[in-house]
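Take a look at these structures.
Next come two complexes built around chain A: one with chain B, the other with chain C.
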Partner chain A sequence: MKILLACSSGMSTSLLVNKMKEAATAQGKEMEIWAVGQHEVPTEMEKADVVLFGPQMRFLKSKFEDKSKELNVPIDVINIVAYGRCDGNAVLQQAHELLTNK
Partner chain B sequence: MNLYQKIESKIMVLGDKLNNNVILMILRDAFMLAFPLTIFGSVMLVIANFPYLDALIGIDAVNALKDMLGPAATATMSIATIFVSLGIGYYTSRYKKVEPLFGAAIALVAFFLLTPFDMTTASGEVVTNVLSIERLGAKGMFIGMFASFGAAFLYAAIVKKNWIIKMPPSVPPAVAKSFAALLPALVTLTVFLILRLVFTFTPWENAHDFVYQIIQAPLTALGKGLPATILAILAIQLLWFFGLHGQIIVNSVLDPIWNTLSLENLNAFQVGEVLPNIVNKQFIETFTVGLGGTGMTLAVVIAILLFMKSRQLKEIGKLSAPAAIFNVNEPVIFGMPIVLNPVILIPWIVAPLVATFVAYFAMSSGLVPLTTGVAVPWTTPVFLSGMLATNSWQGGVLQLVQMAIVFVIWFPFLKALDLRNYKQESEEATNTQEF
Partner chain C sequence: MEGMELASFQIIAAVGGARSSVMEALKDAREGNYEAASAKLEEANQFLAEAHKGHTGLIQKEAQGEQVPFSLLFMHAEDQLMTTITLRDIAMEMIEMYKKIG
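Showing the complex of A and B:
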């Protein structure tokens, strides 16, 4: 699974990237997870299976809704509690559910 | 929570409108184009103006160094409007799905078409056939933005009208492309040439001075005032309280003004004149939101690590500290949480306002030098960023004082939150932490 995280400049979501990678390794899964700023989302989105936005930038979801349908890449906002706790497992789970329900 | 939800949905609309607005989006991208160039100019300017350098290597050597490094700033920040104009033309065309490079060129030429090709020297002599650096930088920023947007949208509209000259298929694609750009370019630029002519009949004699006096000067005067600054900080804090990225939303509107104010300071700094503006982009970034992130929470993280007992706060403190040093504080905002936390609302709003007042008056009274307009990346740690932005040690000290103020204002509220958490934790000692 390739998971793209995005916020204003990809700084705060990159904190989560490491936690998610740790969680993925603990589960014995090989995953590609990376974070970018909103400017790079249109191009980076094409390489991803699923895109998650930082809750502080949750208005990005409406911005990229069309692109999401076009590329068939599901998008959503990261759960606010999981984000605050930097809970890699929970966000991994959220990405997984988003992909299986698409 | 119902009232919160109502306000939240209203604020979401605002965030969506401002962050996702086409004009503001293009403008943000256009300024991003100028950013790396500005950093290059800034680094050279910082080196050339290093404090106490004259005592170290002598005044002659310092002047030689300034002559050597000066062009780096002149070729970047002093003519920043050119890059912003190119960026607006490029991104507008890309958005409108027409050839972006042509659009960028058209936008730049439209800006030049409204620019006077003469200047008056200090002695009153008029020199013709020149482009004055001043008009390509801070002073020309707004006319540059208007001309570029106008030209790029007009150009795209005409291209879409399909008035293009069709070429037989045997003509190489590059040739066909250059002809295709011909008609829309001719029409667009003719419009701007006529505009130039029209302005010669006005009391301002050119579009530059008209836009500067009627629009840019009043707007920047408003933007650098304390009331507007306080309002901006208040809006940023309130937006974050609802968990939305305050700066992204507020900056989309104010960045053009703040950046122009920065460039004005920079021009003055370069030639050693008195800096005109207290408030500008660097003031906002290094002395308001840049003190460990929005709401100046580095001080809060320190308070938590030193004095708080509850496990929940301690964990947030540990998790947040490394990022907070580089002014990233989402873990505090969402982890403490600050979002929708009524206990925190008062210090969250009051502390940055007080700290902003302090910074403003420290500068207006002359205790701390103003920011020079040199671009300092917002992730630069506290103290260092204050020194770089003001080219003085006082700037760093001011940041420490501001942090102390934030610390004191937050302390009682943090303690209350800590006690509540601590009680809960000891009551539910058997449970593992649950949100």
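Showing the complex of A and C:
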């Protein structure tokens, strides 16, 4: 599964990427997970299976909904509690559910 | 996730929520939905109160003589908090402006 994370500058999501990679390895799963700043989302989205936004990008989610439908790449905002705890497992689970329910 | 890293992330999460709520409040006001805008601002204030609590706790620690390790992540949290508070303050004025113009 290819998971793209995005937040305003990519700083907080970069840390989350590491936690998610650790969680994926612990589960014996191979994933491609990376984070970008909000300006790179339109181009990077094309390489992903799912896209998850940090809470500070919640208000921009509607902006990407058309492209999400066009590419058939589901998008959502990262659960704020999971984000606050930098919970790699929980966000991995959220990405998985997003993909299976699309 | 331990100590400072977790505290910083908690602040970043709460502030992210606040920032999105403020932007959504502005959108509501722009579209003439002043009650919705007010509710969104209230939501933003609650997120900011949460972020402030975490932040004040750390400042008090330092004031009491306990060494608070400085990190880029904490600086990012602090920066996000200060700028989002400013954004909230300006948004409040802008919403009054929308009411006047609308």
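Here is the rule we use: the second predicted complex is superposed on the first by the 102 of 102 C-alpha atoms of A that agree within 3 Å, B and C clash if a C-alpha of one lies under 4 Å from a C-alpha of the other, contacts with A are read in each partner's own complex, and residues count from 1 in each chain.
Everything below uses one rule, namely that contacts are C-beta pairs under 8 Å (C-beta built on N, C-alpha and C of every residue); 3 or more make two chains touch, one makes a residue touch a chain.
Note that the structure is predicted; figures quoted are calculated from it, not measured.
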Contacts of A:63 with chain B and chain C, given as first, second, both or neither: first
Which one hits more chain A residues, chain B or chain C? B
Go through the superposed model and pick first if A:35 touches only chain B, second if only chain C, both, or neither. neither
Quick one: classify A:48 as touching chain B (first), chain C (second), both or neither. neither
Tell me which partner A:80 touches in the superposition: chain B (first), chain C (second), both or neither. both
Which chain A residues are contacted by chain C in one complex and by chain B in the other? 7, 11-12, 15, 54-59, 80, 83-86
Under the stated contact criterion, what part of chain B meets chain A in this complex? 12, 15-16, 19-20, 29, 32, 240, 243-245, 247-248, 319, 323, 326, 328, 330-331, 333-337, 339, 379, 435
Where on chain A is chain B touching in the complex? 7-8, 11-12, 15, 38-39, 54-60, 62-63, 80-81, 83-86
Please output the residues of chain C touching chain A within their complex, sorted ascending. 1, 5-6, 9-10, 12-17, 19-21, 23-24, 27, 72-73, 76, 80
Contacts from chain A onto chain C in the complex sit at residues 7, 11-12, 15, 19, 54-59, 80, 83-86
